[in-house]
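Chain IDs A, B, C, D, E and F follow the sequence of writing; residue 1 opens each chain.
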Amino acid sequence: MNTPVLNSGDTAWMLISTALVIFMIPGLAMFYGGLTRSKNILGTMMHSFIAMGVILLQWVAFGYSLAFTDGGSWVGGFDAIFLRGIGPDSLHGSIPTFVFIAFQGAFACITPALISGAIAERVRFRSYVLFILLWSTFVYDPVCHWVWQNHGFLFKQGVIDFAGGIVVHLTSGISALIACLLLGRRADLDKGIIPHNVVFVVLGTGILWFGWFGFNAGSALASNGLASLALLNTFVGPAAGLCTWITLEKLILKKPSTLGAATGAIAGLATVTPAAGSVMPVEAMLLAALTTVVCYFFVSHKSRLNVDDSLDAFGVHGIAGILGPIGCGLFASYGYNSIFHHQSMSALNGTSQLLLQIKAVAVVAVYSAVVTAILVLALRKFTGFRVSREQEEQGLDLSLHGERAYN
Amino acid sequence: MNTPVLNSGDTAWMLISTALVIFMIPGLAMFYGGLTRSKNILGTMMHSFIAMGVILLQWVAFGYSLAFTDGGSWVGGFDAIFLRGIGPDSLHGSIPTFVFIAFQGAFACITPALISGAIAERVRFRSYVLFILLWSTFVYDPVCHWVWQNHGFLFKQGVIDFAGGIVVHLTSGISALIACLLLGRRADLDKGIIPHNVVFVVLGTGILWFGWFGFNAGSALASNGLASLALLNTFVGPAAGLCTWITLEKLILKKPSTLGAATGAIAGLATVTPAAGSVMPVEAMLLAALTTVVCYFFVSHKSRLNVDDSLDAFGVHGIAGILGPIGCGLFASYGYNSIFHHQSMSALNGTSQLLLQIKAVAVVAVYSAVVTAILVLALRKFTGFRVSREQEEQGLDLSLHGERAYN
Amino acid sequence: MNTPVLNSGDTAWMLISTALVIFMIPGLAMFYGGLTRSKNILGTMMHSFIAMGVILLQWVAFGYSLAFTDGGSWVGGFDAIFLRGIGPDSLHGSIPTFVFIAFQGAFACITPALISGAIAERVRFRSYVLFILLWSTFVYDPVCHWVWQNHGFLFKQGVIDFAGGIVVHLTSGISALIACLLLGRRADLDKGIIPHNVVFVVLGTGILWFGWFGFNAGSALASNGLASLALLNTFVGPAAGLCTWITLEKLILKKPSTLGAATGAIAGLATVTPAAGSVMPVEAMLLAALTTVVCYFFVSHKSRLNVDDSLDAFGVHGIAGILGPIGCGLFASYGYNSIFHHQSMSALNGTSQLLLQIKAVAVVAVYSAVVTAILVLALRKFTGFRVSREQEEQGLDLSLHGERAYN
Amino acid sequence: MKKIEAIIRPHMLDAVRKALGDRISGMSITEIKGFGRQRGHSEVYRGNEYRIDFVPKIRMDIICKDGDVDALIQILMDSARTGKVGDGKIFVYDVAQAVRVRTGERGADVI
Amino acid sequence: MKKIEAIIRPHMLDAVRKALGDRISGMSITEIKGFGRQRGHSEVYRGNEYRIDFVPKIRMDIICKDGDVDALIQILMDSARTGKVGDGKIFVYDVAQAVRVRTGERGADVI
Amino acid sequence: MKKIEAIIRPHMLDAVRKALGDRISGMSITEIKGFGRQRGHSEVYRGNEYRIDFVPKIRMDIICKDGDVDALIQILMDSARTGKVGDGKIFVYDVAQAVRVRTGERGADVI
């Protein structure tokens, strides 16, 4: 990966992987949008789409620089603000730096959008936009640096996070939990809020799954056996999650549901993300199945908790973001990791890796929680974060955006 | 294809082709789902999605091994169960074995899902899942071995089936016909059942078409002129099918319809599948147009038959699965086939190829029909295959899955 | 680009780019379809889909030959009608000619489909089909030759149109304006016609954006740094457009809308198209933002004009098709263009390039307008172009196509 | 004139319309949701159960001459009945006046 | 008080509402499907023809004072008429009581 | 027998149904659009503003015995009122006859 020669096959794979990851945004918009009530679908879709707007501008302006230039152990520097110094001939390994920037930029966009699921149907648009901008700057960019940049302190310790279990799912899942705890429940929660269009949820799942191949297999940053393994794991993991969830439904409720299949697939996808390049397909299936069991029981009992994680951002991504990276450590063994992971860590053994993974999860979880809490409280105080009761009743589409989805 | 060196361009193309084929599943779910009544859309989408779950697990467990390990002329062996012995460095030609497994696994998932169109809106979910598992094991995996594995008896005889006219469309189309014959008509058929959302059908068609580029051009297993030809044929074939169908509608009914355009495109796609790498674009157009004419007349007269092929799985895929491979033989000529096909068969001439194609179609059709009949009858007897009259009335979404699509 | 050796990485990227561009058609169908009233959605989607049928057949028959064979400065010849003389081994630069034909064919299909947005909800299907066939032959194919074929007079002068600001957006946008001027307003315009499904519009935007990566970055015809730059610009341009549009809405109307976000993204995409390979990301953002401002003010004041550009084909594509290519010239500078553009033009400087861009825009705009006017007037006279008042009232879906979208 | 308002099961609509045949020259139907002795159902989303009390029904409005009421009710009952709870109800109201928009005709000739 | 129930063509709604202007202070509309002299249409899906008997209509409910009925009917007829079969019908009923939820007022003042 | 027709705000449906509790054994609801003193809203699509006059409402039809009318109206008013314009109206009509399809029973026992 260090010889500075462009490989057209690797580049082709990274170009399309980038497009695939970006396509996850409309997928997420459909997934989340279908889960809300019809009066809030546009507002909810907007939460995903706007990330593709403002976060990307932030990424080009300074986010990429903070995350991926050398800097120190904690955060990058300002060498690449506005991408200065980078041209079409610049290379990152065997691929142009521009495609690396775009690929990582797509990750930066989708991560905060995941959070929106926990606070759907009740937040002000303006505050949400400010929140994701600040969150990207103070949570995503640094954590990304810790884990994926070779000066990052977790990277240097050898933490495994192939495609973003920690960087993406853990950060967004934990922040989702904190945000919905602090912002409170939706007014009509007790009346029973059910998804207004499950077809959109299933379509969204299909798009997400499709895009996730770019997300995970693209994280190999090359078109090779590692990418192929990651791709296969991104196929078997969600398949296992899907089957697990509907088996549980069949056993417990007698009725396996389509929404359950979709949710299980997403849980499997999120779980397999950090492990995609580090475990073999059979292990990926096991890991996804076990995590899905935990997600199932959490999500189906959440009404007992006093939390309104509207669309289960924590229940799915958060839990997968905890168990996925830890499971990676669990399945880590001399043989596998020496093949798949940083060549320099050939002596890595299972137990120490497991402890490192747990440590990384804990550090990132606490950090994300604290920063998110500060941001949410500050925004709640200064700009107001929730819409008024009346706006909530009328629906965000009309009250905030002046439009309705269906006419 | 035999030098064991990884080609990053070929690999890139196979990675994305795999993702494209998998994306066909949500496309099929939308396509089929839009054709049903709103009370059955989720159950119908589930028929596609669940295939991506259970069949893939079967594929990893033993399906891939049955289909693609050497074994004998009739079926592969158990050498690769749970993918044992395969690692990220294993190669299949110039691409990693893992991506080959994933690519072929996606085919294995979509094929049984096609059958569901013939028995939509009336079958028990449990029985359906058992059926596709058994069908994959006893029909798909062996036929795949016959035609595509180099020990398979039809492969050895030189049958042309570039991307699965026989392996995919013929097996599923014939089985669809048998299954709907044995399971009987929907209760409300005489009242007139019309598609509840044609937009979803059109969107599904778009997604299917898009995915089909991976399906057909990916079947070159490389990124080269053959793949480019297959891609172009996957563009012109459905274009011809589309134009043919709406021209017939215009002539016969005065009104060319959107659903007709979608159906013609799918007929063209299915037809061109076996031929994609073996005929030139102009021939692909001709073949697609002619087959579409047959599909049109079959489908528009099906009410006279006593069959309820709900979503025309046989009427489209079955007919294309018969005429496509035979058409390949018809268009086969010394010149073309020596360029496009197995290099070893340079002396192949049109007539003998045509006879071989007909033979292969006949053998596979009979085999699929017999095994499907046995499976359906056995399941009908032991687990029950149709839902009760009341469940059918209430709709599968609510009665089997405990949910409704639209709220 | 002239050594006749196949590069598998470049080919892989062009294969998938082609598929991506084709996928824009269903994206456009959803985008436009959601903007119409529910009684016209299928007819509107059909306008996009049918282009994928008839234009592609025209392309294979003679369109490709007219556009891309040598011929003269004004139009190509008939050397490649029915693609004769081209085989799977033919190369165009480092990629098979077949994939080049398919890639360019997808452009040929989508361009006339863009026009349909201006005349939605009121034209006869038959006349529309004739119109796009003639328009492709007399506008698209020649202009494509002028700008992109190395014998074309604008190409020879060194005009920059990386991925089709002039060839695609300007031609279709101007023609859209002329067509809707000549065909008149919809009957119910004054009653207020609002989009019937904004979710479809947003989904369509997502699909379009996704496909546009193939459109723009595929226009590099290779998998390299230039493609990576184009990809990144296709990410930052629409992000800037999106943010600009909703910022204007926020300032002027107080309510940033989802439809506005979608429209801004499309404006950004269209703007960045000609510039994708010629400007750096920061300039791409600027160019997209400025153009979006103009689109916004045009579109939001269009009710004052006596034009019924139903879905803003001119307001978005036309304006971007004028400002994008001119902006390219504006941002053109010795440094950038010598890196990015035809190597032979290293001495190009900003001012002369700007004048050339303006000239090219003017020539193509006038040519497109005149030919479109002739075609529309002729068709109006000989076949009738608008549906009857009654058909317009009943909706195109039922009156022309004999079907309804939702049942 | 009377108005017959029949609330029936959606899937009986076809049968009822056929049974009425030429006995009526027009009717209007509305999709409604009913609440009554027939219990609704429960749906489960992500493991959480929701009770749905309202059941989809069709309301059929037929304006007819006074003398036709009984015969029509009989036909409606015969064709809409399944014998299970939820078959629906028929309500009858007086109509004070009827007008045909197209012609301006008034009274019982209109229907 | 009387209730005027006007069944009209959907695309005439706008014109009718404009014509009624300030003559009424409120109304309610329902999307219904009608069956009558106006024939439905046929649709074709994959070459198979289906007859659709029911035509989309709008039902407009206006509660008004007894004395306003005739004037309103006239306005409705004038603005909703196209002269072709299917223009719709107007039915009038007696209203026994009217209450405004917000204030509890009763009787003709409510409307 | 009387028919109570209550036009209420959609999001009050739940509360109203709870308040009615066992006082009624059935009802039918229809989604309608209302026009009245409550002003609609405006929507903006691509910078162009559109006025939407009609407001979504729920119409609740309850057939009840003559003697229950006042009590039910009181419950409806209490549970559906927010005090702001647009709370809706209640109209009462006479019912000439009621029939239960399933059993053929007639009269007030049906409801």
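Assume contacts are C-beta pairs under 8 Å (C-beta built on N, C-alpha and C of every residue); 3 or more make two chains touch, one makes a residue touch a chain.
Worth saying up front: this structure is predicted, and the values here are computed from it rather than measured.
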Partner chains that chain B and chain D have in common: A, E
Let me have the rounded angstrom distance from the C-alpha centre of chain A over to the C-alpha centre of chain B, please. 33
What whole-Å value do you get for the distance between chain A and chain D if each is reduced to the mean of its CA atoms? 51
Based only on mean CA positions, could you tell me how far chain D sits from chain E in angstrom? 18
Residues of chain C that touch two or more other chains sit at 7-10, 12-13, 16, 194-195, 223, 253, 255, 257, 259, 402-404
Residue ranges of chain E touching at least 2 other chains are 30, 43-45, 93-94
Could you please write down every pair of chains that are in touch? A-B, A-C, A-D, A-F, B-C, B-D, B-E, C-E, C-F, D-E, D-F, E-F
Tell me, which parts of chain A touch chain C in their complex? 6-16, 18-19, 22-23, 25-27, 29-30, 33, 41-43, 45-46, 49-50, 52-54, 56-57, 60, 82-83, 87-90, 95-99, 101-102, 105-106, 125, 200, 223, 397, 400-407
Contacting residues of chain F [partner chain C, same complex]: 43-51
Partner chain E, residues of chain F touching it in the complex: 2, 6-8, 30-37, 53-54, 57, 59, 69, 73, 76-77, 80-94
Using the touch rule from the top, collect the residues of chain A that touch chain F in their complex. 188, 191, 393, 398, 402-404
Please give the residue numbers of chain E that touch chain C in the complex, ascending. 11, 14, 41-45
